[in-house]
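In the two complexes that follow, chain A is the common piece, with chain B as its partner first and chain C second.
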Partner chain A sequence: MARLEVSAVSLRFGGVNALREVSFSVADGELVALIGPNGAGKTSLLNCISGVCRPQSGKVLIDGEDFTSLRPHQRARRGLARTFQNLGLFKGMTVLENLLVGRHTHQKSSVLAGGLWFGRGRREEQGQLEAVLAIIEFLELGDLRDRLVGTLAYGLQKRVELGRALSLEPRVLLLDEPMAGMNSGEKDQLARLIIEVNERRRTTIAMIEHDMGMVMNLSHRICVLDFGAKIADGTPEEIRNHPGVQAAYLGQKAH
Partner chain B sequence: MTPPSLRLFRTRAGLPALMAFCLALCSLPAFASSYWLDVLCRIGIATIGAMGLNILTGSTGQISLGNAAFLAVGAYATAALAGRFELPFVVVIPLSGAIAAVTGMLFGIPSLRLRGLYLAMATLAAHFIVIFIAVHWESVTGGVNGLAVPAPSLFGIELDDDRRLFLLILPLAVLLLLFARNLARTRPGRAFIAIRDQDIAAEVIGIDVFRYKLISFAVSSFYVGVAGSLLAYQARLISPENFPITLAIDYLAMIIVGGLGSVLGSVLGATFITVLPEALRVGSGSLSGRYPAMVELFASLKMGVFGLTIILSLAFQPQGMAARWHSSKIWRKVPAS
Partner chain C sequence: MELFLQLLLNGLVVGGIYALVALGFVIIYKSSGLLNFAQGEFLMLGAYVCLAILEETRVPFVAAFLLTLVFSVALGLLLERVVLRPLLGQPLISVIMVTLGLSSVLKAVVQALWGSHTRPFPPVFATEPVMLGPLPVSQGYLWSLGCVALLLVLLTLFFRFTRLGLAMRATAFSQQVALSMGIPVRRIFALSWSIAAAVSAAGGMLLGAMRGGVDGSLAFYGLKVIPVVILGGMDSISGAIAGGLIIGVLENFSGGYLDPLVGGGAKDVAPFVALVLILMVKPHGLFGTAHARRV
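Coming up: the complex of A and B.
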């Protein structure tokens, strides 16, 4: 059974067919890249998986469990995390606090336990702090720990958002253009971190990325969308030589 | 070492400063005039109410014009529980807060669908519904004539003047402020801010946004209800006139001038907005004494100066008084732990 299974998902916005019967699956421990020209429906697909959008038809399953009608927070509680193309950070919080929000589903403290602080509230907070500090160190964000995220450079904010998703300790991690706006040094660094998450933590990853070099190097498998439909799915080698894919990209360049 | 954002106080000087400040406040009733004691009590009450509104509007980002209504709910609950059922204040105050919390949660339901100005309109409707009930449900609320509230008592000692009442209000305010600060540095408070900053990302990271919006309304209204309860105990006679819509706007002014989402800001804002009219009254009073022909002019000037002061404070410290305080040079000289 696939870890993540998307079957025949269709999503329309008025007259726009953002997704047409897209099926796609990711095996446990796999790192799959989603590519396609602008407006192909890649983000829409992640939105359907994470529950931000409700598809008109089709199903989303994780480890065989039907997620299709779950609300986004219920999916998170079951181990699904994602990042956003245009950043979804909590600007009024520090780096550390953003990552702590990622621990929300691992905590139980209610208003009373939190507000009274002594006892369970405090013990729980300290446990979470350790978990999050480990991730901050892993992402080399230590120096920025207490900075408000809004004051950080774009590439760093992207890394913080990855950290917040990792704090959830997801079974499935969805990344929407994690390298956008980065220079090649930053991209290499992030690629190394993504590989480590995938290999060492055995986290299953589906990643949208435009940098073809990175996609070819990082992913085990590549899935190509064009005009809301899946046009190819295979190893980097197969995709490189796929005539339909070349046409889709060339077609876009001609615009 | 605990990161600053997770500490109870930003600096090591915070706790001793708070204790010294409270001690100083405790000694005030010994020599303050009854006029300033009344103001002091009202500052304490306003601080609790502003803290409540700040949790909802400052931290969670849900604009509410319903806080005068929730004050009224707390006040009428106190009048009924203490007057009719003769319950002691240790029961009445939390119970009044709880009744206001439930009311707040009900009126918070529209927030699941509405945002910004639309939510402000919905909470405004809540205000008029509550006041309508207060005016027309005469058997319980006393209608426009209002209700008398007995003095709170403790072991047979009646807290029947501001001097004694203040010694109830002060510790209550301190406890509620500490609770709010603890909330801000733990899971529920982070969920509130996450909803304010990015509600979709909040939901995707596992926060039940609907649930936490309602929790925020409940916690906020609890605070405001406690403030209403104390207001009833202080006023001893409450009627719908005690809860005009302008009171709700005063509270919004407090948190905006003081600092959105900030505990210290709630204190500073509540103090500023409560003291300003008093200072203007004292000022215009002494001027009218000297120029009796211009009494009316000074009365209308007061409103203008009130508005102008708020506008100026927003123009020069848009982040609120608390931010100004934290960034002031004097404060930086105190060694951060």
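Coming up: the complex of A and C.
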């Protein structure tokens, strides 16, 4: 059984067919890239998986459980985490606080016991703090943990957002253009981290990315969208030589 | 000098109550984008409920105070569920109309249950004043200031250090992102109504105890929310606190110094004059942000 299974999802915005019967699946531990020209429907597909958008038809399953009618926070609770194309960080909070928000679903202490200073709440809170600090360490953000996120460079913010998604300890991680706006040094560093997340933490990842070099290097499998439809799905090697894919990208260059 | 200190103290006491009421307004606005015009009625209702508990059960004031807070939390949850949840995504104007309607309903309920004449509040604070240097100060004032300060500190700690406090700040920033973190945003809305109802009720109970009586005019404290949040910034908690204190102090200074000169009325006008002047310099209020607008 696939870890993430999207079957025949169609999504319309008024007259725009953002997705037409798109099916794809990601196996446990796999890293799959979603590519396609601008406006192809990649973000829309991620939105359908995470619950931001409700497709008119089709299904989304994780480990066989039907997620299609769950609300976004219920999906997060069941092990789905995502990042946003245009950064969805809490800019007025520190790096540490952003990641602590990501622990929301793992904390059990209630309103009254939820404070740092009250009995059981305190001990539990410390457990949460340790989990978050480990992720901050892992992402090499240690020096920045008390900085307000809004004051960080763009590349660093992207890394913080990855960290916040990781602090949900997801079964499936969805990344929407995690490297956009980065220089090549930052991209290499992030690529290394993504590989570690995928291999060492064995997190299943579906990632939208435009940098073809990175996509070819990182992914086990690539899925190509064009005008809302899936036009190819295969290994990097297969995709590189796929005539339809080349046409889609050449077509985009023309206008 | 003595007049100055007396006016300052009166201003801070009243301003503290304004701050509580405005705080409730800002918390609801920040988390859900709704404007709640029933804050003054929450305050009035809190005072009446506390009085009813005192009369019926003869428990000490502290117990009645805490019970009323519990009642207000429950009321906030109920109102969010029954009245406001159906309104999510409706145009702003309908939401405003509904909270205005809610304020009339709450007023009518209070009148039906307890009548419209002033009801005496049992004495809570010792009556003989304490001397602060040369200044005789009523004990009720000191207790009220202390309670307001304690509530404000607790709320600040709540927002900084608790899971739900963080979740509320996350929701205020972006509902969509908060949802993606697994935060049940609707429950956060309900929580914001509970907190708003409870802090306003606290203000009402303190006022009732200080004045020694409650009546419908307590709801007028809600009218001060507008100048306070415009001054402090719609989306700023510290702004609501500072704005409340500033307006309270300004009112008392203009009442004490200007009213004798102009023959009355300055107390009500001066805060608005100050407001206009401040907004000319800082159009989003003292602590507000430019993108405070919500969809």
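In the analysis below, the second predicted complex is superposed on the first by the 252 of 255 C-alpha atoms of A that agree within 3 Å, B and C clash if a C-alpha of one lies under 4 Å from a C-alpha of the other, contacts with A are read in each partner's own complex, and residues count from 1 in each chain.
In the analysis below, a contact is a pair of C-beta atoms (placed from the backbone, for glycine too) under 8 Å apart; a residue touches a chain by one contact, two chains touch by 3 or more.
Source: prediction; values computed, not measured.
With chain A as the common reference, chain B cannot sit beside chain C without a clash. By the document's definition of touching, neither partner reaches A:R54: not chain B, not chain C.
Contact with chain B, but none with chain C, is seen for A:R145 once the two complexes are overlaid on the shared chain. By the touch criterion stated above, A:L96 is placed in contact with chain B alone, chain C being left untouched.
In the superposition on chain A, A:L129 contacts chain B only, with no contact to chain C. Once the two complexes are overlaid on the shared chain, A:R240 sits clear of chain B and of chain C alike. When the two complexes are overlaid on their common chain A, residue A:R202 makes contact with neither chain B nor chain C. Put chain B and chain C next to each other and count what each touches on chain A; the higher total goes to B. When the two structures are aligned on the shared chain, A:R164 is found in touch with chain B and with chain C.
In the superposed model, A:R71 makes contact with both chain B and chain C. In the superposition on chain A, chain A positions 50-52, 71-73, 76-77, 81-82, 84, 88-93, 97, 100-105, 107, 109, 111, 114-117, 125, 164, 168 are in contact with chain B in one complex as well as with chain C in the other.
Residues of chain A touching chain C in their complex: 50-52, 71-73, 76-77, 81-82, 84, 88-93, 97, 100-105, 107, 109, 111, 114-117, 125, 164, 168. The touching residues of chain B, when paired with chain A in their complex, are 3-6, 8, 179-180, 182-183, 185-191, 193-194, 196-198, 200-209, 215, 219, 261.
On chain C, the positions that touch chain A within their shared complex are 157-158, 161-167, 169-170, 173-174, 176-185, 191.
Within the complex, the chain A residues that touch chain B are 50-52, 71-73, 75-77, 81-82, 84, 88-94, 96-97, 100-105, 107, 109-111, 113-117, 121, 124-125, 129, 145-146, 164-165, 168.
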